[in-house]
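Before anything else, here is the set of structures, which you'll find just below.
Next come two complexes, and both contain subunit A; in the first it sits with subunit B, in the second with subunit C.
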Partner chain A sequence: MFDWWPVDVYDPDLEEYEQFALLREITRGFSSVVLFLIEFIREIFVGGVKTIVTFTSWEFIRENPWAVWPALPWTVVMGGTMILGFSLKGRGLAILAGIALSYISVFGQWEPAMQTLSFVLVAAPASVLLGLLFGILSFKFRTVETILMPLLNVAQTMPHFSYLVPVTVFFGVGDHAGAIATIIFATPPMIRLTLLGLKKVPEEVVEAALMSGCNNRQVLLNVLVPTARRDILIGVNQVIMQCLAMAVIASFIGAKGLGFNLLLALNQLRIGQALELGVCIVLIAVVLDKLSLAWANQQTDYFSDLGFAQRHKFSLIFAVFFALCILAAFLGQYIFKGGINYFYLIPHNQGITTEDFWQSGVDWMVENWYAGLQGFNRGLIVNVLQPMKAAFLGMPVSATFLLVMGIGYIVGGLRSALTVGGFLLFIALTEWWDRALITAYMTTFAVIVSATLGMIIGSLCAQNPFASKAALLVCDTLQTFPSFIYLIPVIMLFGVTDTSVLVAVIIYATIPATRYTIEGIRNVPPNLRDAGLMSGVSKLQMWLKIDLPLAFPHIMLGVNQTVIFALFMVIIGAMIGTDDLGQFILKALSDKQGIGNGLMLGLCVAFIGLAVDHLINTWAASRKTSLGLS
Partner chain B sequence: MKKITKTIAVAALGFVMATASSQAIAADSAKPIVIPTHNWSSQVVMAYVIGGIFESMGDTVEYVPADSQTVYEAIRIGDVTISHEVWQSTFGASFYNAMAKGGIIDAGTHAAATLEEMGVPQYVIDDNLCPGLPNWEALKNCPEVFATADSGGKGRWLEGPQSWHGDLMPTRLKALGLDDKYTVKFAGGADAIWAELASAKKEGRGIITFNWTPNFTDAEGFAFIEFPSYFDGCRVADGGDGACGSPKGWLKKAANYKFPKTHPAAYTAFTKISFTSRQIGAMAALVDVDGMSHQDAAKAWLAANENVWKPFTE
Partner chain C sequence: MPSPHDSSKSEPVIDCRSVYKIFGENANRMLRDAGGNVDAQTFQNAGCVVGVNSASFQVYRGEMLVVMGLSGSGKSTLLRCISRLTETTAGEIYIDGEDLLAMSSKQLIELRRNKMGMVFQSFALLPHKTVLENIAFPLQVKGKTTAESMQRAMDMVKLVSLDGRENYYPRQLSGGQQQRVGIARSLAVEPDIWFLDEPFSALDPLIRKEMQDEFLRLQGVLHKTILFVTHDFSEALRLADRIAIMKDGIIEQLDTPANIVLNPATEYVRKFTEEVPREKVLKIESVMDPIGAETDFSDLTISKDVIIETVAEAVLAETKPVRVVDKDNNIVGSVHCAKMIHILFGKDDAVGTGGGYDPFFQIQTETGTVFGDFDRFFSVDTSGFA
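Now for the complex of A and B:
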């Protein structure tokens, strides 16, 4: 693929022509645009020379050492975000933004955090726009939808590691590559939710718009998209979550910032430091999410007639604040000793840190729990995991096909049987069938545990509105919290074994099961619960006979997500040490045929996910119909 | 608006000056030399050390985080300019695979003699957990010391990921006749090995892992097992029976093929750069033992060792 259509490219450094594939030149052109945007935003926050270089040359910088773009003092960024938060939503958001940004600064993580932020600020809007565009296109044209849907399914279930090498080949190594990998990962949910929202817009709304004489563009932009806002906003929220969840993985291919520092900290086993970095990632996600939500929910006031000062109230406040902060930063040079200006930037080694506290926590855990957990670990491995693995590996291929296709037939008839059979056939035709079975065994075990745990925790929390809210908040946090961090303490407790991998997987995969159970039960129509209460059901009966059956389709969607999350983490589990598809995907990073192998292995993982996804979705849909919920 | 005008003014000024100056200097290009940083201390500190050396020569440098296996593809394509720690057994395959495709050159070898081998933490020997170590024959008598939950009663060798040396260790176990007493477990990466080592140390229990020197573990003491010595052709891949240890390995430097042309002075210095095991260990210790940040450690090392690195630049 990299030899198609060679073109001659002049290299001014070598002063000669070289041959490159046209495709590569196009992708490289694209990546330089992305890189410019990232560098530009980054230099607004942390300063630098790259933007000036774009308009001049490196020679110019060498000749003119003064030509450096100065960073904004952190106080300006924090104040600006607070003012923005206040103008969009009010005091609450301003306080949240203030706390989050001062945490980042005071803990000395300002520079890496702004580096991460700058690439998220490119990746997230790009994903949102692309998502909107493709969502609208697939709403307008049926063919686009039919072509796009399977691609989206694959993109969402494919492990990131498998497309890292292709991305570096086409787009290079650096922040732009990280941003592009992030966009590939974050766009699919946006497309899906845009399409879902647009499909839900009632026919009457469109008709009313047409009757008022809207043209096509107006119908789309002023009627359809605003009406579908709720779902589109969930899409935006998902994009932001996914972008920050990718912060660590993007650093494998050159993204600077929190993610890379986190990997470094983990390699030195500095869990405390990694934890602080992880908290920064979560905080950025929360602030961005709330700000974008507030911005999108803003109402335009068409009738007020305000003077200049009132209309530009916040810009003026910001301008004054800006001047004050610059002044403070300027004076700070003279106030603080030792060349460190706390009003300008708190360097990484000057911030306060709670590292020692967390570190000793982890040490304590290992010292006190290790011995006790060994019995459990050995019992689990010898009595459960090894027999289960042997059973998965020992089953004849034909029996596996019969089992899976049989389930497909029961759930959704011949069509489903053939669909899942097709997915299976693909895997069987590759050389990794037994590896896929090991992946399947770990995923199955983790899903059973996670789904059970999630349903129990979710049901308990759903009994109380406050507990539900708290639990959903915990879910949001854990979802953006980099999963790499808990790999290390888990290895310290359970060693490089399948138990470690499974514990890490279960921690992560319980999130969606819990979330969907809570949402499902909270959405059970209150009149049905009242009817139950009047007929005198006990709490247990209420749960078993009313809550669970009615919330069932929604809970099944949660289980579906649990499967996807579990697959994702089983592959990350390769970093602990497994012998499944994930290990081979990691291995493909250095292979000769790495790109092809990586993608094929990624497809195998995706197809396992899609087969399960298909079965659960079909089942949940038929249950929904029979419950009269759809 | 004012900013834009200013930018344009700066740009115009710069263009004039750049065209004027490009004739004057025929030496290194002012474009940055891209140095990769991976996720272990000695490599990151050395990246900043080498970057500092280049900067002292008037070059511009840029650091980019990269995966230690995919980086060779990036160097080949030219997105990354150099790699200064190419370990023979861990990255040799990736390095030569990229070289076969063209675009990456061998820029010399460090003085450091490396060893990448199975071994035990020093306390295993001091506490006499398995009498006779580090001689490999001692392993026959104490597999149970190294047993883990999933090793089925056998002793466990914790090897790096399969991508590092494939089936080298399993075949060695078999060739030495240890395979009925030991089994090999592949860890997912260096992090996993360090975590196991840290956990084992707290408990004072026996552990056999793959490790290398120079490394930060040297500071606390790590004893490599003495296998029958290596000779050419003893490995299964080379036609032997595989009953031999690892050779003393090399630590190479790699560069993109354009580097000598674009930055002749920096390239010359880069080929001369050669660190010993002790120097590399000292760089890593500044971070891992003294708790400095990587940049500060590099600055400190450069300041204290001018007599070492100045000659490279001359």
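Now for the complex of A and C:
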């Protein structure tokens, strides 16, 4: 691929022109920019020489040993974040930031955490900006939207892994490759939500802006984008979550930081350490999310006549704090012995750790619950999973086609039948039909359990406004956890088996089913429930005859999400050993010729997802229309 | 066409000449083929929708023209053509003598920044900005400094009596309060021309009445040139200097409220006027008799510009005709209590046409008049007033 269109490039070291492929030069140039940004931010937090090298040379560093960028003491970063949190939102956010950052530092995860942060601080803003840009473009130009939408559909159902191989081919391996893969993965939801938000802006608001004398730029930046803020912020939140979810996956292609360590810990089955690292990732996600939300919602006071000191109160406090921390770090050199300065950086091996506690917990469980867990495990595998797998694999290809296309025909006529048939045909024509069936079987099993669980939990919570609110809050919180985190506790319980993967998938995929059930039932028109009550229905009848039928289209959208969540998680499960498509994608990573395979496998997964997505969405849309709810 | 303002003295602020707005792909070609004779049905069959059909009128400085029509009548489309939120299909529109339709987008922005203000039915406030920031918004896009625009915005907050709520977000306000913000925003740049697109339609009746009063108070102070769109006929009567009634994109009648009530031009207009209580709408001027040879007047004099209802009781108490005077106290006509009875209790054609209520019996007593028919029986006892 890289022989195409050679160009002459001047090499300053050799002082001559060399021939390189144009594409390679472009991608390498792009990589080096991204890499520079990541390393620049990283060195602000943890110090280093690479930024100085970029502007001088390695020789300069060798000749001038003083030229090392010093790290910020962790106390400065923590204090700065707390002050930022306080100035944006108040005490609550400051305390949250303080707890999060001291946890990270005290547990000795400062360095990897800052590596991850630097990577997120490049990838997240880039994704947000790209998402906004394309979202706005597709809002302004219909053509862009029509071209972009199918691409987004595929991109959002492709598993994370399948991006990795193409990215390494184009951009090499390292932090920048991880960041680029993350950007590619995190941008689609941002585009979609930007477009959604912009489309929801009422016409009259735009007209009001025009009548206020806004030019096009002002309409866009001062009116459209801020008015669509709610959806755009959901997009930003998704981007941050995707970035941290990718922190782990990107470590496959050389991204440093918490994700890499987490992967290592999981591979060595060091559950306690994996847990601590997981908590770090979640904390970073939560703090970033809250800070970005608070930043977008801040309010200005125009009439307070303030002096310089008051207007710059937070900057001044930070400056004072900064000086104090530097002083403390300086003095720390003399206070602490053994060359470790706790006021500067708590090294990995010096942080406190609860690993032994968790390890002994795992040991205890293995000792005491082993029989029970293994019994459950074996029972599930032998009695449920294996027969189900055999059934999926044993079904003739033609029967599978007939079944899926038949459902398509019933739901949405010939058009739907042909659409899902097309998706299926693609998979059938690859050499991974049986692997796809294994993925399908695991996903199906997980979705059935998740959807049932979600509907039951959701229905119960929806009976009471307080419980609904609490449950939605829990769902929100759980969704901030990168998908990877769910693997940690289940490995603790079930070891490295299919059951582990399935349990993790079920926990993860139950979240959307629960959320949509609650939303669906709470949104049943109250007059219908009143009518039911006046007809004398019992609670059970209310649920069966009124709540469920009316909320069902919305619940099905939740099930749709459940399918996509489950599919992703099944693929990620490849890391703890499954034998489905995911495993092959993982293998493609270490294969030189993997780019083609990786992409094809990714498309297989995407098409399974798209087929289900198409069926459920078509059904839900027609059902909503016939119920008069849309 | 009668107008409260002398058109020869001032140039019209808004001047529309045969304005057409037709939605649809082949609108232009269709219009050219039709040669100015637009039939809504023909256009509809061709997939076009006629929004505004040959609208021609002028609005003069300080005048309030209310465009009234039911939904789909094209009233909002007409307003949007004049504010150029919608591009006009054909015709000419002049704002202060300048050709609106020929303006570049830059000129248009300048015009809107300095001369126009608009209030919307759904308020159209920016949800992410506070009351103060919303009101200051037009000033800020104009490039005024923050301090300056906030100061001005605060004055506007006071003008619409929202002091103390300037840091609220729109979602924290009631509908009426939100519309006050909308009004304040539209007035922030001190526009000459004020567009209001069903500003009070989304409000509860009581609040609507209150906002109308507020609006009249503001107009009493500000004297803007106003184009006001509404679907509420009584609102139009209450506010307007002149009313344009639209149906299917055509202006059916454009006249003063009194003339519309008294002389509906079409059957369609007449239907609106049927249920209107005249005495609450009309001024004495529109029902007074011309000055004849009579000299025997009562001591009471009333202004020709007052609404009938407000003086009815006093007129009924007089046995002699009551003099009607204009602003300079010249006698311009007279009203007799018998006429007042006709106005108050008469059937549709009682007013203006000279015919009227013909009571089955009418007895003049010492203290007043007793009259009625099989449906009603009135006793006007005027002894208390004497």
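Here is the rule we go by: the second predicted complex is superposed on the first by the 539 of 630 C-alpha atoms of A that agree within 3 Å, B and C clash if a C-alpha of one lies under 4 Å from a C-alpha of the other, contacts with A are read in each partner's own complex, and residues count from 1 in each chain.
The working rule: a contact is a pair of C-beta atoms (placed from the backbone, for glycine too) under 8 Å apart; a residue touches a chain by one contact, two chains touch by 3 or more.
All values reported here derive from a predicted model rather than from experimental measurement.
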Touching partner for A:317 - first (subunit B), second (subunit C), both, neither: neither
Between subunit B and subunit C, more extensive residue contact with subunit A: B
First, second, both or neither for A:227, with subunit B first and subunit C second: second
Partner chain in contact with A:99 - subunit B first, subunit C second, else both or neither: neither
Contacts of A:57 with subunit B and subunit C, given as first, second, both or neither: first
Which superposed partner A:211 touches (first subunit B, second subunit C, both, neither): second
Subunit B to subunit A touching residues, read off their complex: 7-8, 10-11, 14-15, 17-18, 21-22, 25, 29-32, 36-37, 39-41, 44, 58, 60, 64-67, 69-74, 77, 79-80, 91, 93-94, 97, 100, 148-150, 158, 161-163, 185-192, 194-196, 198-199, 202-203, 258, 261-262, 287-288, 292-294, 296
Residues of subunit A defined as touching subunit B within the complex: 11, 13-14, 52, 55-64, 67, 164-165, 168-169, 172-174, 251-256, 260, 263-264, 266-269, 348-349, 363, 366-367, 370-371, 374, 377-378, 381-382, 385-386, 487-488, 491-499, 573-579, 583, 586-587, 589-592
Sites on subunit A touched by subunit C in the complex: 202, 204-205, 207-215, 218, 222-223, 226-227, 229, 299-303
Residues on subunit C engaged by subunit A in the complex (per definition of touch): 80, 83, 85, 105, 109-110, 112-114, 116-118, 120-130, 132-133, 137-138, 141-142, 146-147, 150, 154, 167, 182, 185-186, 189, 195
